[in-house]
Amino acid sequence: MQRIGVFVCWCGSNIAGTVDVVAVAEALKKEPGVVFSANYQYMCSQAGQDLIKQAVKEHNLTGIVVCSCSPRMHEATFRKTAAAAGLNPYMVEIANIREQCSWVHKEMPIGTEKAIILGKAAIAKVNLNVPLTPGESPVTKRALVIGGGIAGIQTALDIADAGFEVDIVEKKPTIGGKMAQLDKTFPTLDCAACILTPKMVDVAQNEKIRIFSYSEVTEVKGFVGNFDVKIKKKARYVKEELCTGCGACTEKCPMKKVPNDFNLNMDTKRAIYIPFAQAVPKVATIDPDYCNMLKNGKCGVCSKVCTAGAIDYTQKDEFIEEKYGAIVVATGFNPISMDKFDEFAYNQSKDVITSLEFERLTNAAGPTAGKLLRPSDGKHPEKIVFVQCVGSRCDACNEKGKEYCSKICCMYTAKHAMLTRDKYPDTDVTVFYIDVRTPGKNFDEFYRRAVEEYGVHYIKGMVGKVSPEGDKLMVQASDLLDNKQLKIEADLVVLAAAIEPDKSARPLATMLTASMDTNDFFTEAHPKLRPVESPTAGVFLSGACQGPKDIPETVAQAGAAASKVIGLLAKDKLTGNPCVAHSNELMCNGCSSCERVCPYGAITYEDKEFRMPDRTTQIRRIAVVNPAVCQGCGCCTVACPSGAMDLKGFASEQIMAEVDAICK
Amino acid sequence: MQVKEYKPLIVAFCCNWCSYAGADLAGNNRLNYPADVKIIRVPCSCRVNPMFVLRAFQRGADGVILCGCHPGDCHYTSGNYYTRRRMALLFSMLDYLGIERERTRVEWVSAAEGAKFAATMNDFAEKVAALGENKRLEDLRCKK
Amino acid sequence: MKFSYFPGCTLKNKAKDLDIYARKCAEVLGVTLEEIENWQCCGGVFTTAKDEVATKLSSVRILKDAQKNNLDLVTVCSACHNVVKQTNYAMQNDAEFASKVNRYMAEDEYNGETKIYHYLELIRDVIGYDKVKECVVNPLAGKKIAAYYGCLLLRPNSVMRMDDPENPTIIEDLIKALGATPVVYSYRNECCGGYVRMESPELAVKKSNTVIESAKKAGAEVIVTACPLCKYNLEKSGCDIPVVYLTELLAEALGVKEDTNE
Amino acid sequence: MSNSKKYLREEIIRISGVNPKKCMRCGKCSATCPAYDEMEYHPHQFVYMVENGNIEPLLESESLYRCLTCFACVERCPRSVEPAKLVEAVRLAAVRKQGNNRMTANDVPELIDDETPQQLIVSAFRKYTK
Amino acid sequence: MQKITRDVLVEKAVSLLENGSVSCVLGWKKGEFDYDITPAVFESKEELVSDFIFDDFCGANFSKYLVQKTRKVEGKILVFLKPCDTYSFNQLLTEHRFDREKVYAVGIPCEGMVDIGKIKAITGDGISSIVCGDTIKVNTIYDESFDINAKDVLLERCINCKSKKHVAYDELIGEEGEVIESNRFDEVARLEAMTPDERFAFWQNELSKCIRCNACRDVCPACTCEKCVFNNPKSGVENKAPANEFEEKMFHIIRAFHVAGRCTDCGECSRVCPQNIPLHLLNRKFIKDIDSFYGEYQAGAEVGSRAPLVNYTTEDIEPCDVFERGND
């Protein structure tokens, strides 16, 4: 029999205003197992906690029931109090008589009656509580960063800086991500390459960091501290360790008509290529869809010109298996497809482009060597129209766009407009906006400069239709402030396309059992308090995979994710939640029902020898729960036909005792 | 003769992550619902064994409601999907045995839906009260 | 293959060609169009107001008749297609509207079960352009033809679901199948002025001219349409290139055009 | 807002099935409207004015009969507000009033010619009369 | 009525036993009366020849016995499986309840088994002898004799036979049959169509007959738990004498729920119920609901299939919507 102490909190007048706390304490004193009962103004205060500790000692309490606010509020507090008094912290139960009683019922007799019943239920449960001890598991001191953009790079550098090993898996042949494609960055206008490429070199030279480029994660098993990850290194048909990045092959390859995805297909590359001059690793890759040698065995030029002997047409995909203690997702974003927005004629005219394409068009390493020329005829555009919010802020019923604000478009559009006016003062630049959103350090000042110093026309209103007429683009738009419909003849139209998470994120989330929102952004463990952690333990979020972000925010989050990873890897052992499932092997049928419903793969089976009453032995298949993996949902307990599976802290008997107490 | 107003006894199983938090939010916002509703906290709606539901009825509950995270939002990713199947079948069976279908319910209540929690409990309590005592399901031995 | 067929009143009168050639060509392409009996006018425009019930009953009856015949429904006139399809959509998705309508229906309930094809969809989805190509006896090689969609075939796309409403290709693909060259121009999905012609002819002329100019600038020699009102508006706005019904064009290529003149 | 204004607003919202509150004031409907120049009140104003219960001026306006019902605004509205349906609802509210038919059968012969398709006549009746 | 004779089976069993392929045989043996057939283990030719029975009363499904038997017996066990038994056989394999390697399964066709209750309803008590066949000859101690058409006294589960096809066997005797379109859900549908009051009255009447003898559980091939919840004092539902009506309802609901998605609809529960409670109507309700809510599913049709209650789709029906659909 337990020796239970009941502590009824007034919470000032929050509880005492509607619940007769003295009567509750008195009534609960009579319950089986209760040897002590008290009430106090603020149980969570130091004095209140001292009262509990003292009672534990004086009355040799084995269990505690606190009738107070929600356990979500102070369960942890009172568990610590119990521990301080030498009691197992899991011998504490809370009866929620504030949020679920005094605050929702108005009359004292009703509130009091219900508080007593809730107290009885908690007492009934504590009577069946047993001390619980959290399990421990080791930590593999290596982190995996998935995605090699600025988010992944920063996270990897910060983790490596703390002395831990990090692997970056990047699906493209080079790290760098979207930032490598940008020209200048707002609001300071420093050149993206100038600030990114040194970091890429740092990554390459850091002994703690390995880069798996042109690679993908294909399988994730295990749990926090102990992930087993399978990585597919796609065949690039070039031996990475031999290639010197001299580029001879990329100049001699006769297949010249390969769309250059780095320049968003606005120009071409060769079938063997290095995406850009500062690529890391600076290694050539063969595109098997275009290489004649790989397609029909005719060519072999690259192999002939390669003095290092790095070309290997027989290379196969390679699988690497590695253990990690933590995983950081940094899969980034992409602009959405403009296919469904052809009122802007993106598919009907080459001179309607997205902002990211504009970025390449103005980049010195881009298809026009940095000269702003129209993709259709290579002429200099004299009138440019920028359209904001294309596909962002759409209604949920709208089939075309995204509901969210893409966050970065206002600023990069201001940047594009400003830079255009700076370089080509004769070019007329008009921006159509719905709202200009500039909440960032020096952001609004930047936008104002675009208007006031650089003479960019900002018109409040949306573009309704773009009509390619001859070599011009007829832009039909609203000027809401002037209450006019405008028809502007433009030479170039730039669409600020909404951004969305990279398509690889969804299957990755499934592998990681990390949750996502309806837009396929990863959800954070808590939107305010745990913004860089996924709800799945050991999985962290960095950059735009969690939501639209600009570069400074991404870098900040990348650093935050790294610090969380470092905090985890710094531990030698992890302590788990003791409220986990466990199977009574004597009752287990080995039927696999529990395994099938377990979302974490925490249940495995083993054949175990049992000694029978008749002294024979039997070998039976039984379920074994890995307490480090189990998260304690209890789904298996219901799937189990024999009742062998139970959940510590929420045992069937305990819950039924609560039911009985309430229904008495 | 004094007629005492009939008060139903309602057991609500709430998952810790969404619905229990939703109930807390209803409290924070002082949204009233009948005191007849007594909440039992479970880690996930999938922890609720049909046996608990039957046990509650057997011991004299007039209505049993399960609340969990919205499908797709389960803290444990898939628990509430199993709840949905289990309770769909259990409730259909109870109905098949001629037990009033209004006595059982599953409702998805998120941590943000304090108002929905209160509204759900008000509605459920009202419907159960309208049915009167749970003659068909209770265990007479437990009545005094 | 057999389909229920709803020609609509204009096709029985001012736009006979649209109807006659539709039937002739269908036969050549191996499809039988069985005209619904005792149909009534669809009303010409779909009223989006939720409380308009009576004006939509004729469309529901047409749909119900097709269902009774156990056949999918084919329309040719863009306006009829738009009205019937939008009505059907409302019957499927607006329960209140459907129950009001069903109170007027003498027989069984109707809840939007009938599948509707526009003649163009019939060609694309059922017959196939390959079959059309096989049947062409008179390739229209060298002809530069501009497809004029107007509004009714494409919008609202959530209901019509015929093609990309901003960059459609269904008529262009047919033109290609007939051996001619489609002319793509940007105002092919812009309104011709529609019914406003009645009250404000000047607005209709202005709108039609935008379309005509755009098509001509892109090099069109002929404009093809599926809508009698579009054809009328374009022609009345002084269009100096021919405006023809798409079934007429099809008949020409399939070699059945002369037959009707006899 | 006066009660009669409120009532009219509710009525328009009910008939049209449109929720003007969804509008984010981007003006794409008006940017897209082919009859814009002929209208006194433009599509975005219809949405805004209905939301504010300022419907009387719309009922009086010729703009009601300039809308081509071409659904371009419906198609392109990023917020799924469907302005054309609001215009239609206000137009119906106007023509349903006693004596507000804009066209009678007697007017027709003057307005048509030999080629006028039936479609035009029936559509015009749907649009201009109750 | 059975086309396969006892002698064929005995011959098969003897030859397998004698050549050492199997070490024992699970078969049917006569009990106190002709119609009182019980499962038995045969270990020698002599036992087989003298006691082995196969006739129209051999309804017993042996699959369940394999769970314990395979653990105890060295060598293989020969088991005879009627088509419906093979579904239970597979279901137990899915649940890893016995080692397939330790069983030699011989599929035998079945023409349907007869219901002694139905015969007794015709003849009255005091049956002294029964001779099976298409026409069943019954003599009583009162010197009455009856000729009964076997088809008229089939077990309920055989009238609504769902399959004459064996879904598992090592060897098949006789010809393979087909899965049958049965009307087994008609009775469930009839109950569903009643008012709740009528349904309540129906079940109250039926379940109040329960004497809690546990025969349904003991025979059920899905009930092979190492420890049954009804025997476990900690489960909260342990075995008690029937105290009132709801106690019984609870027992049967829990039992039906425990086997939901795993029940192959073999009908053994109703066959053995001494009170003739139509227990299969509870199980069939779950099967019917599962079929209509989640797509058709036959437990035991294949080994390793994922039972509906350990599966889900994101689009599953909501519990509040089941009443309308279930009663369609």
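Observations on the structure shown:
All chains are identified by letter, namely A, B, C, D and E, in their written order; residue positions are counted from 1 within each chain.
Going forward, contacts are C-beta pairs under 8 Å (C-beta built on N, C-alpha and C of every residue); 3 or more make two chains touch, one makes a residue touch a chain.
Values in this document were obtained by computation on a predicted structure and should not be read as measured data.
Judged by touch alone, the chains other than chain E, held in their current positions, stay linked as one piece.
Think of each touching pair as a link: the shortest run of links from chain B to chain C has 2 of them.
On a Cα centroid basis, the chain most remote from chain D in this structure is E.
Chain nearest the geometric middle of the protein is A, using mean C-alpha positions.
Compared on C-beta pairs in contact, A-C and A-D come out with A-D as the pair having more. Between chain A and chain D the centroid-to-centroid distance comes to 46 Å (mean Cα coordinates, whole Å).
Taking each chain's centre as the average of its CA atoms, chain C and chain D sit 24 Å apart. Distance between chain centres (mean CA atoms), chain A to chain E: 52 Å. Annotation: 36 Å between the Cα-based centres of chain B and chain E.
For chain A, the set of residues that touch two or more other chains comprises 343, 465, 597, 639, 652, 656. Looking at chain D, residues 72, 75 sit in touch with two or more other chains. Shared contact sites, meaning residues of chain C that touch two or more other chains, fall at 166. Here, these are the chain pairs in contact: A-B, A-C, A-D, A-E, B-E, C-D.
The touching residues of chain A, when paired with chain E in their complex, are 586-593, 596-597, 605, 616, 618-621, 639, 641-644, 652-653, 656. Residues of chain A touching chain C in their complex: 339-343, 345, 347-348, 399, 465-470, 474. Listing the residues of chain D that touch chain A in their complex gives 22, 24-33, 36-37, 42, 44-45, 72, 75-81. By the touch criterion stated above, chain A contacts chain B in their complex at residues 70-73, 96, 98-101, 103-106, 110-111, 113-114, 117-118, 121, 513, 515, 535, 579, 597, 599-600, 631-635, 637-639, 647, 650, 652, 655-656, 658-660, 662-664. Residues 343, 389, 391, 393-395, 397-398, 400-401, 434, 460-465, 476-480, 483, 485 of chain A are the ones touching chain D in the complex.
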